[in-house]
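Chain IDs A, B and C follow the sequence of writing; residue 1 opens each chain.
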C-alpha cells in the first residue's frame, strides 16, 4: 500500500508541477512580453485612457516576478481579476453560469456517445473483420477526419434546415432559467460533440477487445469449457475496461477544448464561446482564467485516469491468476 | 424611393393601406418656428415615402382595437452595463427608456414636432425665453401629479455635470439658474444666448421628465415615469418586462404586458420569431428579409427614414487633415453599390449631408457620384501616389452597425489605389468612452434629426459625439447666427449655407439615408413605420400595437 | 483531439507509455535493424514500396482520389474562375443564376469564384504546419531519445506541458496577444504536433540506440548527431509517412476551424473556413455559400485520412510479409 500511495502522490505532484508550468506559460504569453505589453494587447483599440486602465488593472508597472506571484495568488484564491470589457465584473462572476452550461453540454454529449461507442467498439472487436466491423471502420475514419464545426454544419443541414426541421439551428439559452429546463437547446451541440468522440472510443474499445480476446486467460477460460457469454462477462470485459478509463478521461478532457468551435457555431453560452469572445476583445484576465481552467480540467482528468488505472489493474490481474 | 419596393417582394401590409390615406388629425396647437418649419419640410420626402398614421387616438373610421395580450419583442442587444435612467442611456438601450418616460415635446412618425407632456409652448421675440405649459391632470406611474417642480428637477438633473447626461450637450444655453417655475404647470427656460430651435433640444428623448427626487433606479425599482409602459423587471443585456400604464395620457396601450428580449446576434433573434417565441422583431437584417417574407404568417415593415450611417474622418489627423483627401474619398465611394451590396439594397442615396427633413436642407446641390479620375488627381495633389494606406474601423455587430458596408467601401478604396483594411471591434469596446472618436477613419450611425440640434452633438468640441473633430471658422459663424435667428426663412437659408460648407469640406462621408426593417406576426396590428431611423421601423411604439 | 490517439493502424492499442509505443513500432517495422549497406539501400526504398502496396487497398485509392480532387480545385481554381474573388456581381445572398452559378455571398460576390480561390490558403498553411511539426517532433524525439537523463526528462516534461492544452486553445492564447497572423498560426499548430510525435520517436530512438550497429558507430567515433540522422531516422521513415498523413488531416481541421472562428485568414480573403463563417447568416436562403465550402473541407479531410489509413494498413501488411521476429 505505501508503495502505491507513493506512486499516486508522485503523479499528483507531477500534475501540479505541470499546472504550474502552464500558469507560467499563460502568464508569459499574455503579460510578460517584451516591449509595451499594454499597447500590444490593445492594438488598434488603444487610447490613452484604456492603456492607463489596462496597466493599472494588470499591474503592469510592477516588476514581473511581483506581477506573477500576485496574479498566481489571486488565481489560487479564486479571484482571477476583473474583465476588461463591458461592465468589468469579476471574471468568476462572468464565468460561473458559463461553466455550468458547458458542463451540461459535455455531460449531455458524453451521456449518449460514450455508451453507444463502447457498445459499437466492443461489437466491432467481437465480430472482427466482418461487414459490421468494416463499415464501422470506414465510418469512424470519416468522422475522425471532420473538423467539429464541419460536422456540426452537416448536422444543421440535415436536421435543422433542409431535410428535417427538428431542431433549432442556433441555441437560444435563456439565462434566467437553468439549463435543464431548456434541454432542446442542447441537442444539436451535444450530438455534434458526441459524434466527434465516437471514432476514438470505438477504435480503442475494438483494439482492446481484440487484445483481450486473444489473451491467455481468455483462451484458458475457453479451454476450460466456459460458455462464451461467461467468458465475455467475467474475463474479457473487465479487462477491456482498463484502457477505457484512459479513453474516457482523454475524451472528456478533449471535450473541454473541443467545445470552443461547437459552442461558437451554435451560439451556445459556455466557456468555449466565452473564450472566443475574450480573444476577440483582448480581454486578458478572462482569457487567462479560461485557459487555465481548461488546462486544469485536462490535467485533472489525465491524472484521474492514471490513478484509476494504477489502482484497478493489479487487482484485476491478481484476481484472475 | 419607390423603386426600392420592386426589389423585394414582401407584403407591405399596413404601410400600403396608410400610404393611400394621408390623414392629419387634430392635435394640440403647437406654436413656435420649428414646428411650422418642420411641417413644410416634408416636401418630396413625404410624398414618395409612405407617410404614416399620426400618433393620436382620433381614427374614427377604424374600429377600436381589441385590448389585452402579451407582446414579446426581440430587439438588438443592449449591454449588461445598461441602466434604466432616461437621462443617461444610449439610443439602443434608450429603446426601453423611451417607453417609460416622456419629454415635454417629441417627434411623430413623420418627424414632425408634437406635444407630449406639454400642452403649449411659447417663444419670445429674441428666442431667449422658452415657456412650456404642462397638460393638466398628468400623473406619474405612482399616481403623483406631473408638475412644474418635476420639470425643474428633471432639467436640473440633466444639467448636473456629474450626471453626464446625454442631453446636456444640446442645452448649452441653459444654466440651472435659467430654469424658472412660473406656476404649478408652467416652466420658463431663460437662455444665456438666443436659440431659435431650443424646442428641438426639449424634444430630445433623453431630456425626459422624472419625478422630484428621482435617482438612477436599481433594476426596475424606482423607474417611475409618465410613459405607456411600467417596468416590472429589468435584466440589462437580457430582457425587460413591462405592464401597461392604464392612465397613459396618449393613445393605448392596448396590450396588457410587454416583454423586450435582447439578442446579440441576428440568427437567434430571427429564430425566436420563426419559432413563435416572440411576436415582433426590431431591426431585421436585410439578408433575413427573404426568409420572413416567404414565411406564412410573418410580415416585414419598412420605414424609410432620415437615419444615416456615415463614415467619419478626423479632419485633424493624417491623412484627412488635407481637404483634398476628404474630397477624394467622397468621390471614390460608389454610393449605390454600397447600398446594394452592403445594405441589401435598402436605402436611398445621400449626398454627404444629413438632416434631410430640416427645412434648410439644400436639396439642390448636385448629387455626388463616383469619379475615380478626379479622386486620384486630388490624392496626387495631396501628395499620395497610390501609396495611401488607411484602416477603416467599425464594429462586429451586424445588428446595430454596418460592417458589411465598411467591407464594400474598403473594396472600392482598394480598387482606387488606396490600401484599406477593415478593423472590426467589439461594440462595447468601440462605443465605450467614445473610443470610436479616436479612430481617424471609422463609422457612426444616427437617427433622424434636424440640423442645428445635431451640430451641438456632433460638430462642436463640447458635443458627446465629436466624431470628425470638425473646426471651421466660417461655418461656426454661420451656425451661431442661425441659432439666434428667429425668422424661419432666414434661418433656413443659414442652415443651407452651413450644410453646403460641410458638403464641400466636411469630415463625413454619408452615402445613404437608411431604411429600418421590422418583422412581426400577422397576429399583431397597429404597427406604423417611423422615420426616426433607429431602434427599428416602429421606434418602439408598442402602445399602438394590438392583437387582431 | 490529437492525432496520436489515432495512431498508425496497428492491431494493438498503443498505450500512452513510451515502451509500448516503441514495441509497437518495432513490430510494425518487422525486423531487426542491422548495420549493412546493402540492406540499407533496400530499406531506403521501402517507403516507396509502402505507398505502392497501399494503393492496392480501396480506401487508399478513394482517399487519394478525394485528396487529388481538392488539390486540383485549389491549384487550377483561380485560373478558371469567372470573376475576381472580391468583385461584386449580384445582390447579397442571391440565389444561383446564370450570372453566379452558385449564387452570391453575404456581400454579393460570386460564390463559385470564391470557392475556387478558397482552397489554397488551407492547403498551403496546413502542409507547412505539418512539416514544421514533423521536423520539430522528430528532432525533439531523436534528441530526447538519444540523450541521457536530464535533457531527456526535461524535454519530455516540457512537451507534457504543451500537451496539457487542447491545441486550439493554445493557438487562441497566442492569437489573443499577437493577433491573427498566418505565420503565427502555422508555427503554433506545428508546435502542437510536436509532443505526441516526439513521444513516439523518442520511444523508438531509445530502443534503437541500443542496437549493435549504433554501438558500432559510436565506438567508431561517429558523432551522435550523425548517427541519429543517418542511422536511426531512415529506419523509421515508413511510420513517419503515416504520421504525416494523419497530422495533415488534423492541421487542415485546426486551420479551417481558426478561419471559421475569425482568427485565421481575414476578410476580404477567399478562404473556405472564413467563407463558412461570413455566410452563416444567410444559411436558410442561400445554403450554397456555406455548404459548398463545408463539403469541400469534408472531402479533403476524409480523403487525407483514408489515404493515411490505407498506408497504415499497408505497413502492417509489410510487417506480415517480411515476418515478425
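Quick notes on this one:
Just so we're on the same page, a residue touches a chain if its C-beta (ideal position, glycine included) is under 8 Å from a C-beta of that chain, and two chains touch if they have at least 3 such contacts.
All figures in this text were calculated on a predicted structure; none of them were measured in a lab.
Between the interfaces A-B and A-C, more contacting C-beta pairs are found at A-C. Closest to the protein's overall CA centre, chain by chain, comes A.
Taking each chain's centre as the mean of its CA atoms, B is the chain most distant from chain A.
In this assembly, the C-alpha centroid of chain B lies 53 Å from the C-alpha centroid of chain C.
The distance from the centre of chain A to the centre of chain B, with each centre set as the mean of the Cα atoms, comes to 47 Å.
In this assembly, the C-alpha centroid of chain A lies 22 Å from the C-alpha centroid of chain C.
In chain B, 267 are the positions where the chain touches two or more neighbouring chains simultaneously. Within chain C, contacts with two or more other chains are made by residues 284. Multi-chain contact residues of chain A, defined as those touching 2 or more other chains: 169, 280. Residue ranges of chain B in contact with chain A, taken from their complex: 79-81, 235, 238-239, 265, 267-268, 271-272, 275, 277, 391, 393, 396, 423, 425-426, 428-429, 433, 435, 438-439. Put simply, chain C touches chain B in their complex at residues 86, 88, 91-93, 106-108, 266-268, 280-282, 284-285. Within the complex formed with chain B, the residues of chain A that make contact are 44-45, 47, 49-50, 85-87, 89, 168-172, 175-176, 267, 277, 280-281. Considering their complex, residues 7, 266-267, 285-288, 290-291, 337, 340-342, 344-345, 398, 404, 407-408, 410-411, 414, 421-422 of chain B touch chain C. Per the touch definition, chain C reaches chain A in the complex via residues 1, 5-6, 11-13, 15-16, 59, 157-158, 160-161, 164-169, 172-179, 249, 252-254, 256-257, 260-263, 276, 283-284, 287, 290-291, 294, 297-298, 301-302, 304-306, 309.
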